[in-house]
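Down below is the structure, laid out as structure tokens.
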Amino acid sequence: MPELAAEVAFEVPFFDVDVMDVAWHGHYVKYFELARCALLRKIDYDYPKMRDSGYAWPVVKCYLKFVRSARYGQQVVARAILRDYKNQLRLDYEIRDAASGERLTTGYTVQLAVAMPTGELQFVSPNCLIERVEKACEN
Amino acid sequence: MPELAAEVAFEVPFFDVDVMDVAWHGHYVKYFELARCALLRKIDYDYPKMRDSGYAWPVVKCYLKFVRSARYGQQVVARAILRDYKNQLRLDYEIRDAASGERLTTGYTVQLAVAMPTGELQFVSPNCLIERVEKACEN
Amino acid sequence: MPELAAEVAFEVPFFDVDVMDVAWHGHYVKYFELARCALLRKIDYDYPKMRDSGYAWPVVKCYLKFVRSARYGQQVVARAILRDYKNQLRLDYEIRDAASGERLTTGYTVQLAVAMPTGELQFVSPNCLIERVEKACEN
Amino acid sequence: MPELAAEVAFEVPFFDVDVMDVAWHGHYVKYFELARCALLRKIDYDYPKMRDSGYAWPVVKCYLKFVRSARYGQQVVARAILRDYKNQLRLDYEIRDAASGERLTTGYTVQLAVAMPTGELQFVSPNCLIERVEKACEN
């Protein structure tokens, strides 16, 4: 499987920083999502396209491992890498300091396709995902 | 106009506290909303009922005045008071320390009715609001 | 190890609900924290006590498994259960529908002690945690 | 008074979008803060410098006027303009659609200086602000 990845650069905003003077750990789920949306756009399957395709893709698992904390104003890069798409949509994530490249946080999410409006869970990914991934990997 | 008001009690969560060791000022918009939803339930016009009535009620103005800050774990009470409903939905708010009653934050929001799905702004409040308010005031 | 657990009941606020009409998955990290703080209070070791004890307890791992989604206004219960405290602080979580008891989300967090202000990681939990847990379990 | 302003461009993230398919109104306080921090950096008085100067600058008033809503993925620009600094720090804000320039939201914040650690409110802005503004305006 060829690597499909996307990155987003941003800085840690003041409103994400907690009393310990670092980004509160829960905000990294947002940072993962920023990178995930960038990757999904690369395959032309971001949220509005998902909705139009007749499937919702709820996150069913999310794991975060915190290595180093991030301070207010720190420049960081969030990277999402596609790891599986045939039976589930699994992405791995890395948040790094933009300057040093030091890893701050890693993790993954798993999403499953649900046919709308019946709400039926799909145990094999629908073609609307598979074709998009394969087309993007050809390029 | 008889007073129509509602209160919600809660404590300041850790994830709302910023580096100054107090609730970040932007979170008070959420505290206002908690009280607003409680008031709207009193007149049986909370969000799902709004949607079913064919109107959206976007917030068009919001004002907040911060008097004292709130710390992690502090018990607070958010109160919403109906001030106008005939041409707009205007609510005033007070956030107080639960123990001392000291005022922490005050403010207001203004919402206007928008007919869905046309998106047409209503310069007079629709009957679905007026009747509910008047019924609640009779009780 | 006797079970040490704590629960918090709350309802899903409007501002946590996403475009799919359910609580956005990232907000569950906050729900976990509400339950965690309740448990830490039971052993008299909530955030201000941690700070006074000379240790920070950053979350180093967080896992969430989403089983069912939660809608606006749904009454839910978040429960935290202590699973380990000797070498790390590990808590498991369950978010349930308050009425039916149906499980919505499960997960865990791992926290490690860091001595302040040196920032030195502790591979064995400091006594200030161990004694509090053991005292709470005796009761 | 010469105009001192700063802008930040960003796109509306998925996690800020509510059930009405637009950015939830409370998130605009964050967008204001992004622009405010950019302006404060221009005068070398962003949060870490504030802290080092011995003053906190709590927001004491915040007003938001919502003109048009913003959708997921929309490119927007948040602009902060300095309006007063002698007795208070008052900034006006404009959030615009990046492509069309259409105004989405306007508002202002007022901050007052509080000497730390005494907590004494300053009715005249301290020199550490005044000198920085005047130096930036000369350039």
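Every chain is named by a letter (A, B, C and D) in the order it is written, and numbering of its residues begins at 1.
Just so it is clear, a contact is a pair of C-beta atoms (placed from the backbone, for glycine too) under 8 Å apart; a residue touches a chain by one contact, two chains touch by 3 or more.
These numbers come from a predicted model, not from an experiment.
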Discussion item. Contact counts by the stated rule: is the higher one at A-B or A-D?
Written reply: A-D
Fill in: Chain at maximum distance from chain D, centres defined as averaged CA atoms
C
Discussion item. Centroid of chain A to centroid of chain C, CA atoms only: how many Å?
Written reply: 24
Worksheet item: Where the centres are mean C-alpha positions, what is the separation of chain A from chain B, in Å?
Response: 34
Response to the item:
CA centroids of chain A and chain D: separation to the nearest Å works out as 29
Worksheet item: Which positions in chain C touch two or more other chains at once?
Response: 14-15, 19, 26, 30, 33, 47, 72
Worksheet item: If you look only at chain C, which of its residues touch chain B in the complex?
Response: 13-15, 30, 33-34, 37, 46-48, 72-73
Worksheet item: In their complex, what parts of chain C are in touch with chain D?
Response: 14-15, 17-19, 21, 24, 26, 72
Worksheet item: Tell me, which parts of chain B touch chain D in their complex?
Response: 19-20, 25-26, 29-30, 33, 47, 56, 58-66, 69
